[in-house]
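I have placed the structure first, in the form of structure tokens, so that the comments after it can refer back to it.
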Amino acid sequence: MAGNSFGTLFRFTTWGESHGPAIGVVVDGCPSLLDLAEADIQPWMDKRRPGQSRYTTQRQEPDQVKILSGVFEGRTTGTPISLLIENTDQRSKDYSDIASKFRPGHADYTYWEKYGIRDYRGGGRSSARETACRVAAGAVARKVLGSAIQVRGALVQIGPHKVDRSRWDWAETGNNPFFCPDPVAAGEWAAYLDGIRKNGSSVGAVVEVVASGVPVGLGDPLYDKLDSDLARAMMTINAVKGVEIGNGFAAAELTGEQNADEMRMGPDGRPQFLSNQAGGILGGISSGEDVVVRFAVKPTSSILTPRRTVDTQGHDADILTKGRHDPCVGIRAVPVGEAMMACVLADHLLRRRAERRE
Amino acid sequence: MAGNSFGTLFRFTTWGESHGPAIGVVVDGCPSLLDLAEADIQPWMDKRRPGQSRYTTQRQEPDQVKILSGVFEGRTTGTPISLLIENTDQRSKDYSDIASKFRPGHADYTYWEKYGIRDYRGGGRSSARETACRVAAGAVARKVLGSAIQVRGALVQIGPHKVDRSRWDWAETGNNPFFCPDPVAAGEWAAYLDGIRKNGSSVGAVVEVVASGVPVGLGDPLYDKLDSDLARAMMTINAVKGVEIGNGFAAAELTGEQNADEMRMGPDGRPQFLSNQAGGILGGISSGEDVVVRFAVKPTSSILTPRRTVDTQGHDADILTKGRHDPCVGIRAVPVGEAMMACVLADHLLRRRAERRE
Amino acid sequence: MAGNSFGTLFRFTTWGESHGPAIGVVVDGCPSLLDLAEADIQPWMDKRRPGQSRYTTQRQEPDQVKILSGVFEGRTTGTPISLLIENTDQRSKDYSDIASKFRPGHADYTYWEKYGIRDYRGGGRSSARETACRVAAGAVARKVLGSAIQVRGALVQIGPHKVDRSRWDWAETGNNPFFCPDPVAAGEWAAYLDGIRKNGSSVGAVVEVVASGVPVGLGDPLYDKLDSDLARAMMTINAVKGVEIGNGFAAAELTGEQNADEMRMGPDGRPQFLSNQAGGILGGISSGEDVVVRFAVKPTSSILTPRRTVDTQGHDADILTKGRHDPCVGIRAVPVGEAMMACVLADHLLRRRAERRE
Amino acid sequence: MAGNSFGTLFRFTTWGESHGPAIGVVVDGCPSLLDLAEADIQPWMDKRRPGQSRYTTQRQEPDQVKILSGVFEGRTTGTPISLLIENTDQRSKDYSDIASKFRPGHADYTYWEKYGIRDYRGGGRSSARETACRVAAGAVARKVLGSAIQVRGALVQIGPHKVDRSRWDWAETGNNPFFCPDPVAAGEWAAYLDGIRKNGSSVGAVVEVVASGVPVGLGDPLYDKLDSDLARAMMTINAVKGVEIGNGFAAAELTGEQNADEMRMGPDGRPQFLSNQAGGILGGISSGEDVVVRFAVKPTSSILTPRRTVDTQGHDADILTKGRHDPCVGIRAVPVGEAMMACVLADHLLRRRAERRE
């Protein structure tokens, strides 16, 4: 119960269903005196917004964010920032099929068992539409982080196809509809995903989010570690099934000699790591290196092939999910992953400030 | 700051350093009237205890747990359960080397930067010794879960060597020093790990923890999902770099047709899943299927090969970590992963009870 | 930071400033399947609404509550309930005086020092207008409590004038603009308060809130006691300076013989208290008797007599607070106190359910 | 459930029963690099320790505190500080009477109903012995506050007898067994309390705790206000039935003219309050003036006069509480109130640091 909030000092609470009048988020704990306007948030909303290419759901939502509180004369006041996004494209359609049948792989059955009721229209609360609220909160978090800390995400794998890291170029993520940093892969993915889309199928993906400029010392061992908070954060995103930091699962195959990041004093007189296999976190605390997180997104379960299921009355049934869906939900997960990274860092940045000695 | 607690309704707080007089854990929120004695906890402690084979550190600790509060006449009273474990084998040795140099891959540098001070003896607070407290808390959590919910762990990969799942036998996990469910693999691992050990090297591993008998409905979307809490839980364990649920990262390569768990009504008149690729969690809520979590453990950074590092005075240095260490810390992570799973489930089981309608 | 939420399992978060576009509250953790409509909430809003007599501020707000989420087909779904109240009577006036000067007794100076910025219009976030959100949350909490638990409030003292408890009649609280249970006192208060009002002065008050039908066992010793949560709850209400339970401060003057509530078996075979000086709470846990809380409300600091103050530029100044104000804010604190009591009880009722043994 | 912790960034968790082997507290979130030794804590323990005059229980406990973790080479490390106090004077006596009967006014009945079991020996968990842990935590909190913030408590009323504030002298609180700041009153109280004690009776009291040197800006509106946290904190202390800030309940009788604290620029160029009727808190935020809290302690219910009660078998019974008890538990509540004030301030001081702008 009461699980719709995230963070401790920088804390947000989301609300809203896919087909209700609106969705929104309350960001509490944002420091005062930061410049903040709707125009600061909207670009991130637009980045996540569906319907921008043929590879994402054709639902058309302007996702216009409104600031209802917490900002006065263009600056944050330290009071809660309420952000509201109206739902405008709740297409009226016949929901009788999904009202009575559980879509395999979706949260339909578990919500039904847990709550005894569910708003089945468009997935209700479990819809990926909720992630718009996270992106809005993330935009505020970026203000807290300031310009010295940069959070960027990319799609690094789609189905079995991975990027070639030797071609990695962050600038390329803005040049294709996949947030793909490898222009060659982006081209291949387009063809591959067209096939998936035309078959009414779907496919999984892997997202990588990197934060640069993170100071040493963020993270509170043992149970609010920076990496454990990031793992939790990413795993709260719809359809995410795995999270890893730095070398992640590949570290299982390495020896201690291979995996350790050695150190030397840097030219600036500061300790320097000679590699970053740890993904910027040691003992749960940021090391000053790039914080690197990857997460796996399963293929959406909404496909055009009929699947076996049961209905709310306890009968066997078949279901085929028509309607507007993403052939690869991993694409839109990129800005969501960025937002969650920004929120985790903002929270720990404030916590870190509390430690500062006079 | 204040990051040493885990859980909401079933909540534990650990304390203690590797070489202090004792370590301990306070378990708060355990329901009353459960039978609990030290003898209920000790077997789990013994399972994790080092020094039981040549594949774990030779530190010899009896890890005898004492109940200091919360139990009256053999039953829990609903008040906090304080569990204490004395440190007895804090071998006196020369710590001057690790006192002044940061061991690469360890938390030495980040603790130093964060706190400006660290108890360097045996890793202090960041020592894997702290996990004994988790195991003790997990033993209490198992009491909350009762006999209907079973939590079991196994080592499924060591370095590049994986178990053959067709040979999986839970009973085998008690027959070898690796908690390996595949007797053939266990034999191969012994030889492989002997080589690692003799070289003073170390290697990573993957642990799988499975909970059976979990009722439908545990987990609180959106930010206290069962899987996000599990991801956080496992990522708090020392040396863990990745967590996945069900198909995990492999789901990224699948299509929606391949990944969905179809349903049919079962012979007991209850909905039944025809597969469990989701790992027992849909939309953050348990589905009634086995909850399946895997996590990757990096190779310990304590190896006999000298590594480049820096010291607290800002000079380049080399370090070679002598002393008692685990060639594969993933082995002892098995009972720790089980304990964390048990604690997460106990917490959500209590939360779930709060939802029950009159 | 991040202090705008209240409760653990039944948890609400409020947002909004007095003169922004709207205020609102997100109620998280409300169980599913409860009947809930705007019509269930509105009567409580109307009870708190200003402008209903000459004894409260003449600000005219319809305080129309809108449900934006968490309800489907007339029933709660277990997802967050977002409630929004538009601000319609933000009278445009000249705020230059209070923009630059700190009103004594108000939060102007401390907000300024804490945040370096404040929305001075109508008190901004520290306005009593925020309490409308509490009342809305309280209406949801009453649904959780059900009809067996009744929460009622009354004004028991206004300035030096107290009610005569021998004339106490709950029904009378609906017959006068003071929520006064004593009709004779209500008449006297009208005359007294007219004098205060005409002088542009203000006066303090004491509110009593009583919950009947509370089951035994609510409250979690030692730090989430039912009484400590109630004390916190009431002290969060604007202008409250004291809270007491049962005999409260009068208990300091009593002996152990006078203050103890003796027991006997009741005709229903259940233990029965022969008095209720404890106010329904023993050791932090509800005893089954009426839970009785009183709180003192200071006179509002907005008065027509000029007061000495300083301005934001560091100069001495005088200020006289014109505009629409309550001569006795304690009156409108009655439904707010009821709401906070309902929310505390709803939270502990859910927590109590989590303890239920199978 | 899980209610044995207090605080957010500076957070402590207590455990232990009156007649178990030990009691203790884990302090989490204490900043690193503070000097801390057992000798820093012991004097505060001694101040609370019973058996030091004929006016407190004759239980003889050395209350020797041991630091088990979190301190290295005399300084805090930022890791949890575990403090343990052994119980040495659990006099073996016949508990059959209180094992089966509920002592009126005590928590016996409510614990029994809530938990279905209770450690009845000496009150178990609800014993005032637990407050020793608070005092230990408070001693650590004082280290966080530093020397600029001073927290002092005094007994200001015992039964109907109040101190004369014109004779207030903090130094006097160390010269009598009552922590009374008025030497004349102290003399009168001695005679009065001797009579109470000889009759086997008990009496209530009022404690005042004052914090000086508190900076402006502590406290997080609206639900983690400094005053609401203090109200909660004091109400968690055994036997406390009322809390007030500044003028408290007396404010109910005042007009706005009487109650406002006017301001003028001070000689140091800082805004200055001309009075402190608010008790140092405005809008939930510290104003820089002394923070003044008072709380009422009821007479202990352990008296030599037989009282009517019931037993666990559902029969009427009479009970007379023999043994070692305090005629006025309010006396020992003074150092406990100080400790709670120190802990609340330490928590908010750390939270305040998190707000600091670069």
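Each chain gets a letter, A, B, C and D, in the order it is written, and its residues are counted from 1.
Heads up, the rule we're going with is that a residue touches a chain if its C-beta (ideal position, glycine included) is under 8 Å from a C-beta of that chain, and two chains touch if they have at least 3 such contacts.
The shown structure was predicted, so the numbers you read here are calculated from the model rather than taken from an experiment.
The interface holding more C-beta pairs in contact, when B-C is weighed against C-D, is C-D.
Using the mean of the Cα atoms as each chain's centre, the chain most removed from chain A is D. Distance between chain C and chain D, defined via averaged C-alpha coordinates, is recorded as 26 Å.
A straight line joining the Cα centres of chain B and chain C is 46 Å long.
Shared interface positions of chain D, defined as residues touching 2 or more other chains, are 1-5, 8-9, 14, 31-33, 78-79, 114, 116, 125, 221, 350-351, 354-355, 357.
Taken in their complex, chain A has these residues touching chain C: 1-5, 7-11, 13-17, 20-24, 26, 28-29, 31-33, 68-70, 72-73, 75-82, 114-119, 124-125, 350. Only residues 8-9, 31-33, 78-79, 146, 221, 350-351, 353-358 of chain D touch chain A when the two sit together in their complex. Residue ranges of chain D in contact with chain C, taken from their complex: 1-6, 14, 102, 104-107, 109-111, 113-114, 116, 125-126, 130, 157, 159-160, 196, 201-206, 216-217, 219-225, 227-236, 241-265, 269, 271, 274, 278-279, 281-288, 296-303, 305, 307-310, 314-316, 330, 351, 354-355, 357.
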